[in-house]
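Pasting the structures in now, so scroll down.
Look at the two complexes coming up: chain A is in both, with chain B in one and chain C in the other.
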Partner chain A sequence: MQVPEDYFSLFSLERRFEIDKKALTANFRALQNENHPDRVAADDEQAKLLAVQKSSLLNDAYATLKSPLARAGYLLKLRGVDVESVSQGDLDMGVLLEQMELREQVAEAPAGEAGLAILSPIKRDIENRIAAREQRFVANLEADDLVSAKRVFHELQFLHKLFQEIEVSEEKRLGY
Partner chain B sequence: MALLQIQEPGGKPARPKHRLAVGIDLGTTNSLVAARCGLKVETLPDEGGEHLLPSIVHYGSDGLISVGKKAKTFALTDPKNTLVSVKRMLGKGLSELRQLGHYLPYEFDAARDDTAPAVLTRAGSKDPVSVSSDILSALKARAENALKGELEGAVITVPAYFNDAQRQQTKEAAELAGINVLRLLNEPTAAAVAYGLDSADQGNIVVFDLGGGTFDVSLLSLTRGVFEVLSTGGDTNLGGDDFDRLLATWLIAQSGDAAVSEGEALQLANDLKHQLSDVEEVKFTMGDYRGSLSREQFAEIAKEPLSRAMMICRRSLRDARLELDEIDNVVLVGGSTRMPLVRAAVAEFFGREPLTSIDPDKVVAVGAGIQADVLIGNKSDSDFLLLDVTPLSLGIETMGELVEKIIPRNTTIPVSRAQEFTTFKDGQTAMALHVLQGEREAVADCRSLARFTLRGIPSMVAGAAKIRVTFQVDADGLLSVSAEETLTGVKSEIQVKPSYGLEAETIESMLQASQENARADMELRSLQEAKVDAMQLIDAVAAAVIADPQLLEEGEEQRINQGVAALAAALENGSSAEVSDLTAALNRISGDFAARRMDAHISRALQGESI
Partner chain C sequence: MAYSEKVIDHYENPRNVGKMDDSDLNVGTGMVGAPACGDVMRLQIKVNADGVIEDAKFKTYGCGSAIASSSLLTEWVKGRSLDEATAIKNSDIAEELGLPPVKIHCSVLAEDAIKAAIADVKAKRGA
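Here is the complex of A and B:
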C-alpha cells in the first residue's frame, strides 16, 4: 500500500463523519491480518519492530475512526482546527446551562438500584442530544463553518463525558 | 502525514516448510506442552504417558534437578529444596510475598535485594525466573523427544491479568531455558483459539475460566479468523477452594459435634465435590455421623461464589457492550468447571450449553500450540489472527502526584501513544518520568513500573519546552517508554523492566477501589490541580517582582506579598475552592503589574532589544 494521506484513506473510506462501520472493521481486519507482528514472529528483530509500528498505527487509526467523538475531532484536526485548546469563546452560555440542568437531574437520582430507573431515561435523553449535535456537526462541516463545528465538537465532548459518568454511577449501583 | 508503508492484503512471500514450534501452558500447579501432530494439535505426554507436569522443581543432594511428579515426592521430606507454585512469585518482591501469606517454607537469600527475592537451595540461590526456566527446560526436552527435532520457537501462556513485570519474567525464564519466545499469549485467548478453529467461524465467545483459586472471564469476537478480545475481567479470590470451604462448613454443621478437624472436613469436602461430578448423590461418614449429599444440596451450599462469578460475567458483558443474546459460544477452562453445578449455572446464565469437548485442563496449551504453529509459519497467513488488549491502564506521574493515563485498559495491542508535557519551572533542564500501571488517579494507589530522567533540556521559561512521552506496548503486552524534547530532539528511553510487579489480588482490589473512589479521586484531582496552578502563579509573581521592581507602584509590592502569603497558607491545608479563590485574588492583585511588564517588554522588543 502507498503511504496513505490520512486514516480515512488508510481504510479506503471517504473523509466524512458518517462512515460505513462494517467496511471500516472489515478493512481494518484485512490490513491487520497482513501487517500484525504475528505475521513476522519468526523473523528478525528489524521486521518485528516494523510490524509493531505498522500494527500500532492501524490500531490507533481504527480506534480514532470507530469512536464518533474521536472521529469528529480528527476531522477537525485534518482541517487544521486545534481541538486541544478550548477558550471561553468556544462555548456558549446555553451549553453550560444545559450541562448544569442535566447534572442536577443526575444528582437527584436516589442512591442504590432505585436510582437506575431515573438514570436510564437521562441516558436516552443524552443519546438523543448527541445524535442531534452530530447532525449539526455534519452540516457545519459541509458548510465549511469550522468555528461552529468546533463549538459543537466541544459540546459533544461534554455530553460524552457526562454519559460516561452516568455509566460509572450505574455500575456502582449494580455493585460492579 | 508520514504514515508507514502498510502491506496490502494478499501480497506476502511464501515461507519454507514445517518447523517445530510448541505451545506451553506454564501453570501454577501443573504445566503442559502441546504441538501439532499430524492434523491435530495435542498435548504431549511424557514417557510414562502423563500429560500434566506438576510445576514443582527439586534440587537434589546428588546435584540432580528433578521436575514434576518426582520432585513432588520431596515436597514433604525436603521442602527447603523443593519449590512449588513459583508462578505466584514471579514479578514480586519478598516483603510483598510475605504479606500475601503464601506457603513459603524456604530460606530466602539475604544477600538479595527485597525486590529480587531468591530461595537458598543446596544448588545455590534460585530466583523464580530460574526455577520457572527449569520447568520450561523439562517441557522443551519432552517436546524435542516426542517431535524428534529441535524446537524453533514457543508460545507461552500467561494469565490475562499478568502485569508487565510478570510478563517480563516469564519471557526471561523461557529465554534462560533456551526457548525462542514467539509470543506471550493470554490464557483465555488461547482457550478461545483451541475451540474457535474447529467450531463456528463467526460470533462472540465467552471464556469462563474457573481454577482452584482464581476466576477469569474474557469476551472475544471472532470474525473470519480474527479474534478480537473485547473485555477481560475476573476475581483472583474466587475458585474451587471456595466451594470446598463452604461445603466443609456445611459438613461440620450437619454432623453436629462429631469430632473432626477442619482439615479433615476440607479433605472430605474436596472428595465429595469430585464424586458429585460423576454421580447425583453421595453418601459419607464423618466421625460417627452418616449423611448424604445431593447435587441439588451442593448447588444451594455453593450459591454465593457462583452468583459472584455470574455478576462478573454480567460486568464483562457490559464492558464489551454486548447483550446476552449476542453470545454465540461459551468455552470452559479450569478444573473447577468440571462441576456439573458450575456447568449448569453457566448454561442457565448464557442460555446455551457450554463447549466441553476439549479437556479444561488442556485447552489453554492446545490453543497456544495452534498459535505457535501459525507464528512459526507452518500455516498460511490468512488463517487467523489474534487482537488482544491491555489488562490495566498505563500512565505517567504528573504534578500533584496524579497519574495521567496514556493507554487505558482494554486498548488493543500493539499500541503506541504519545502525550506532550512541559516544564514546570523556569530554566528547568531535566525532567523525571515515573511510569505507573493501574486504574486509580493518585500515584500512591498505582503500581510503580519504572522511573527515568530526561536530561539536557535547553533552559527555557516554564511551559516553553515540549516533552513528548511515548508509550509502546508490543504484541506480548510488554511496555517500553521514550521521552523526547521536540524542539531540540534530546531523547531518553527505557525498556520497562521492573524488579517486581503487582499481585493479581492487588489488581482486582485496585479495580474495585478505582470505581468506589472515583469521586474521592475527582476531588483530590481538583485540589491538586488548583495547587499546581497556585504554585506556578506564586513562582511567576516572585520572579516578576525580582526581575522588574522598577515597574511596581507604591504599596503594590506589599499588596502582592499579602496575596502570596494568603495563598501559600491555603496551600498548606485549604480546600480546592479556597486555593482557587485565592489564586484568582492574587491574579487580580498582580494583574496590573503583569500588564505593565508586558507593555514594557513589547516596547523594548519593538525597539529591537532582546527581552
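Here is the complex of A and C:
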C-alpha cells in the first residue's frame, strides 16, 4: 500500500461528494485484509508497527468517507477550507432561525413514549432538509463557490447534530 | 466533566428565559450558533430612552455551559448602558462560571450574541 494522495484515491474513488458506497466498503475490506497486522511475521517489530499505522489510516479514511458529513468536511479540507474555525459571519441568519424552530418543535414533544409520534415526522423533515442541503453543497463545489459550500457544510453540521440528538432521545424513551 | 456549582445553578434555574417582540425598535436581537456542537442562542435586549438596557431575555439550545453563559449575561447587562454591555468579555463570563478550557467557546458564543444584539438595536434606532 502506497501512501495515498488522499482518502479518495486510497479507495480508488473519484474525489467527489457522491460516491459508490459499495465500492468504498469493498475496497476498504480488501485493503484491510491486505494490511492486517496479523499477516506480518511475529518477530518483525518494524513491519508490525507499520501495519498497525496503515490499519489506523485505513480506518480513519473509511470512517471519513463513509459519513456524508465527514466526507463533505474532508472535501472542503482538501480544497484548503478550514472547517474547524467558524465565525458568526460564516452562518446565515436563516439557518439559526431554522434551528431554533426545529429545536422548539423537539422540545414540545411530551416525555416518554408519547413523544415518539412527534419526533418521527421531525426526523423525516430533517432528512429532507439534509438531502436538499447536500444537493446545494455538490452544486457549490462544482461551481468552485467554496464560501457557499462552507456555509452549507455548517448548516449540515447543525442538522446532523439535531438528528443525532433526536435519535438519542428516542432510544431513551424506549428504555434502551 | 464536572460542571461548577454556578453553571449548574444557571442550568437548573435559568434567568430571563423568553422572547421579546423583535418588531419593537427598542429591542435588539442577537442570534448565534456553533455548528459543531449544534448550539443555538438567541439573546435579546430592550433599551430605554436613556440608552440603558432595562430588560434582557434569552433562549439557548445547547449544553449546560452555553445555557449558563447566556443566562448569566442577561443578568449582567440589565441596568448597563450599551457601551458598558459591549465591554463585557467572554473571559469575564468564563471566569465567573469557572468554565474549563474545552467550554470557553460557550462563553465566546454568549459574547457574540450580546454584541449582535447591541449592533441590531443600534441599527434599528439609527444610532
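Keep this in mind: the second predicted complex is superposed on the first by the 171 of 176 C-alpha atoms of A that agree within 3 Å, B and C clash if a C-alpha of one lies under 4 Å from a C-alpha of the other, contacts with A are read in each partner's own complex, and residues count from 1 in each chain.
In this text, contacts are C-beta pairs under 8 Å (C-beta built on N, C-alpha and C of every residue); 3 or more make two chains touch, one makes a residue touch a chain.
Keep in mind that this is a model prediction, so the values were computed, not measured.
In the superposition on chain A, contact of A:Q135 is made with neither chain B nor chain C. By the touch criterion defined above, A:Q99 lies against chain C but remains apart from chain B after alignment on the C-alpha atoms of chain A.
When the shared chain is aligned, chain C comes close enough to touch A:F158, but chain B does not.
Within the superposed three-chain arrangement, the count of touched residues of chain A is higher for B, of the candidates chain B and chain C.
When the two structures are aligned on the shared chain, A:V86 is found in touch with chain C, with no touch to chain B.
In the superposition on chain A, A:S67 makes contact with neither chain B nor chain C. Of all residues in chain C, only 31-38, 40, 42, 59, 61, 112, 116 touch chain A in the complex they form.
By the touch criterion stated above, chain A contacts chain C in their complex at residues 84, 86, 88, 91, 93, 95-97, 99-100, 103, 107, 154-155, 157-158, 161-162, 165. Contact residues of chain B toward chain A in the complex are 1-12, 19, 152-153, 182-183, 223-226, 311, 314-315, 318, 374-377, 381-382, 385-387, 411-417, 472, 474-475, 515-516, 518. Residues 1, 3-6, 10, 25, 29-39, 41-42, 50, 52-60, 62-63, 168, 171-172, 174-176 of chain A are the ones that touch chain B when the two sit in their complex.
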